[in-house]
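Just so it is clear, A, B, C, D and E label the chains in written order, and each chain counts residues from 1 on its own.
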């Protein structure tokens, strides 16, 4: 006999201010099976949990219904509490009367009635709950990190540090990412390369880390502990083992017309190239689109010159199949395309540049050797205008509604660097708001204003008119209400950050979700910021949302910790809410096998005696460790021979009936 | 022995409070509903949500049972195609429910009573919008008598 | 047909005598002119009563599910439509292909006794002859020439597989696929209904479903309804009660049609056996039509190796419910 | 001036009218000033476009109704095309003009004056749009 | 004896409908069944064999026993019943005979109150069967299609332009008086024509293909028939549907069910069929686990068990199963197999 205990949470006043708890209690008293009802201010608190535990022990209840917040919030909490009191945790059911009721309805009477209805449905479901025991599955003790920027590097190093194998897959020829392109970092102004390159070298030398550069993940199957991943190693045209990184080929390559990606197109590179001198691995790549050998068939100079004979024009893409226990996604971000911001003339004038281009122009290793000159005439600028929020906080189709988070700080940094190096050069910053939330950030930005004399103007630029020699910047000082017309030599645009264009594809491949800005979605915005909804897949860095370096590194380490948590286990317990087959009813049509995304269902031949004859019959069987509990098979199964534990046909019908009462 | 009330009768029915049963997949739409809650986006209390692991868990039986038990509208909400937590579940939902929806229309059930939509975990707004929209349309249609069991009282 | 009947009998006798098969599923003649019903032949001697005429409408392949046949080699006479059903049962793993010997019979159509009665051709009927394109109904007084379209089952008039699509042995000559012309009209009745207003469509189906006596003949004759235990018979789940209630009638018919979606071979047996004349084939064909329009042409039972439309998907599939993605919209 | 309330209750009605007529959300504005910075008609304005919204946010409708700005706006939509918040200022200007015309009824242009203007060889579009703008 | 002109029937129907729920054979898309008459209905008196027998009017497919209501923890019960007066017009002699067979079951002790009420509230107007179909074999059960068996309140005969009308019970007489203004006296010549018609029917019967069927010839007692080998051969083609039992005018098995309608509900009976696998399902399972046993049960009941209890066969030879069974597993074949045939056809 099912004895249901119902526990109604006030959630302080979150629930009780809209839902009349007394009325809910009164209504539940009449439901057959409900033998105990208790309400409390904070059911999730220790006292609240003890109410549940005590009732299990003292009131002899064997089904628990908690009417509280979303099961996504505290289902696990109450299951644990029940287990602690000796009740199978899967006999607990949650009625969501906060997120789905008190928070969205204003009318108290209606909300109360709905709360009763939802709780009644939970009772109906709970009565049909059965004891479930989770199964176990082994863990492949190897992590995959996708993306070799600072996020990926940090994650890989941390996991390796804990003693686990890590494979890092980087799409470009070298790891380093955006951070490798930066000159100095805020708010300390230390040199980006100086802090990054040692980490890159560490990574290259770490025996636990295997680097797949110039590679891409093409397929991901499986589940936490047992992901099956296919990696495509693109043909470098260089044999990695033979190459010593001497650089002769780079110097002698006759095809030097391609724009350097690393230098943001501000310099040219050879067809055979390493993105930058400190690249890891320090092995060049042949860009087959610009290489004369590949385009015309003639040349082959690099092969002739290579002292180790490492050049291999015939090299093919290689497919690697590997199993992983966990996956960390650290695919980073991009700047938005400025095509649609016609008023800034970015496409039309070389002296209107992005912040990232500015980084390269002031970088000692950059195309100008660190000398800031105008790309148009190589002259040193005397007046530089910085414009913030180019596309950020922009609700229109051409921008991004969110704040890109890093621009205020890097613009302050740029202005400061400029004023520091060239005190005679004026710096103007147009801003909407200056946001400096971060350790030492406010002080940093104030230094730019107070010590370095950077002119901060609250206001925006309406349009830039390129003149003969200079750029006429028409702006406004919104505070004073005065129009400004500045004759600038150089304009730096703080273009908004955005998710990588491949994010959709990556999300689909990994079965993780992306938000409407196409950043990957974390499992919980506050409490599970590095996990995804897919167990065993974690997020690090700006692929999850705009971030600066310290935050990225922090998240990377957090993701590594989460990953290590999984890797350190020998077995993982399964979700026991999986499919099961009633073989007597199964007709063996095996539609379930055809649609199962996890190949969790197999065919089995059973012997059956009917009327004295032995009949061999095909039936389906579920592998409980592979089944993830989506329930698709239960619908494909017409007779209902395959059902989902914890969400059975009978349970859902009972919920429907109860909700319609 | 037709049971359709004439339009006039339906309109006269004062204080009609529709009941809408919404099946929401745990990973996207249920989370979207949670987000609507966290964001305090109002939608009417007439909508009651049943949590299912995936939209592909929703059987045609459940939909019809809801109508039999007096639901005036039924909603199935799942992850956007390509976003399914279980990789392929909503692709099957898409086919199954496309056919079911057409079949229901074919036997003369008003199109607006059965809504399927894709609502992601980040679309708290869309969740509230879809709910409000279905409710408004069902309100206009009046109570479901066509599929309701005449013995069921609500 | 008589000639072929004798040929069939000879083949059946030989097959039983040589133990090529343990049992043959065929038809036998009953007491009335139209009464050709399913029969099980196990002995050579019994084969005399075997019949092959224009009333052998029953599809025999579902009898292959009979668990009494376990371990036996079974022969079966099959028409074109029957082979589609056979293939569907193979696809649903209900039949092991190798345990069955198929004797294929080309068929140009079966006669609907109800139409014969309606035309008044049954009075004093002695026999029916077929010459060329015409049928001759012979009674005591006269011979009446009739076009097949007047007396054939509706389902035969839209038949598109008059010849078996799979067989081990074909008996008789294949018939020309002449009915293909009318095949185009397969969905015309569905389209007519689609053109109606929602209200009128409901009025139509409400009236049709209210006639149902829930005898379940439509389900039990259906070669796609091959489950060990039908979900309607699941006493624990009890999704369908036994009361004669409008909503339960609708539930039954919607779910019945929906459960055979993508597997219905459009043999029309459900409508044929309905004692109340409910046009069940319109529901099935609505689903077939939608599947064809939304997810590509598909004929269930044609090739068991092709996955059915509801156990597969395409990334770029359309749907009928999101804005801008609606498949063909009804009024 | 010492304000007790950001938006005084006395102007709620007008603010409501303006948002109803224009269907624009004045609270969307971040006061970045981009509208002002790019406005080609700025020189005939005593209140800058971004200040128009600020005044609306502050409920100071009276200042706006008395301003030259609302009559100076050419409804060229430059501001809208660049506004990061998709605020259509020209609609707000129109709403303000309508309030003036509806309450005071003083047409800025009389129909009899039109032939005279034509004689001055003002572009026809300007006359038509002026007519629309100044007459209700 | 009276008569009513055919063209006055359209006046008769609304008159009857004033005081009775009127059921008539009504055609709906080629299928004729007894349905509630309403203005404009397509009454079809020519079709003698309706798809369903009028059984479901007297013994509805679903009939509420009691209604219940829940108030808090209290349950209120209320007996159902209160049938309205009804009149069925145009019942064939075989169907009238079938009602008599149902009466034996339901009106015998213990009396079935609901059925009894149904019978009391009902008026049966029979119509002689002038044109028996080839699937008919009522004469095998000693039913004369030219006459209305006892149990019909009024008998009618179709003479083309008019219906002859004769009251056979008190109820019938009262009704005849009520409609006196619509009825006319019958002429001598018409009386003669009626006799001719009756002879014509008898002649037709001789020519019917199933006329030689005679269940009295079935040999053996209960045990022999039960153990007969014929069942093994017969049952195999049975689909296990309930068509034969639901179109049969004499099948009368039912199940009792409860419906929970949310704080209210009902206990109802509904037709059930011995062909179904869940028929008479009990806690320990089903007494008849194979279709063979189910098929045997049905025919044993009609031909052996019922006669043992009530001294009559539970079949009236209406021929509905003969015509409708999708696989021709009908009463005729069973009787024949059991030897109930006078000579080979």
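One rule holds in what follows: a contact is a pair of C-beta atoms (placed from the backbone, for glycine too) under 8 Å apart; a residue touches a chain by one contact, two chains touch by 3 or more.
The structure presented is a predicted model; accordingly, all values stated were derived computationally and were not measured.
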Key: Length of the shortest touching-chain route, chain B through to chain D   = 2
Note = With chain A ignored, the remaining chains form B, C, E | D
Ask   = Is the C-beta contact count larger for C-E or for A-E?
value = C-E
Request  = Kindly work out which chain lies most centrally, taking the average of its C-alpha atoms as its position.
outcome  = B
Key: Reference chain A; chain at largest CA-centroid distance   = E
Message = Quick check: how many Å separate the C-alpha centres of chain A and chain E?
response = 72
Query = Roughly how many whole angstrom separate the Cα centroids of chain A and chain B?
reply = 31
Note = Per the C-alpha centroid definition, the whole-Å distance linking chain B and chain E comes out as 45
Ask   = How many angstrom lie between the CA centroids of chain A and chain C, rounded to a whole number?
value = 54
Note = Flagged in chain A as touching 2+ other chains are 595, 611, 636, 649, 653, 660-661
Query = Can you list the chain B residues in contact with two or more other chains?
reply = 60-61, 65, 69, 82, 88, 92, 96, 149, 151-152, 154
Note = So chain D residues touching two or more other chains come to none
Touching pairs - complete list by chain label = A-B, A-C, A-D, A-E, B-C, B-E, C-E
Key: Sites on chain C touched by chain B in the complex   = 190, 193-194, 198-207, 209-210, 231, 239, 243, 245-248, 250-251, 254-255, 257-258, 261, 283, 286-287, 290-291, 294-295, 309-310, 313-315, 317-322, 327, 330
Partner chain C, residues of chain E touching it in the complex = 28-31, 33, 51-52, 60-62, 134-135, 209-210, 233, 236-237, 239-243, 245-247, 255, 257, 259, 268, 270-273, 276-278, 281, 322, 324, 326-329, 332-333, 336, 345
Message = Which stretch or stretches of chain E touch chain B in the complex?
response = 259, 261-266
Query = Where on chain B is chain E touching in the complex?
reply = 69, 149, 151-154
Task = Show which residues of chain D lie in contact with chain A when the two form their complex.
result = 28, 30-39, 42, 48, 50-51, 78, 82-86
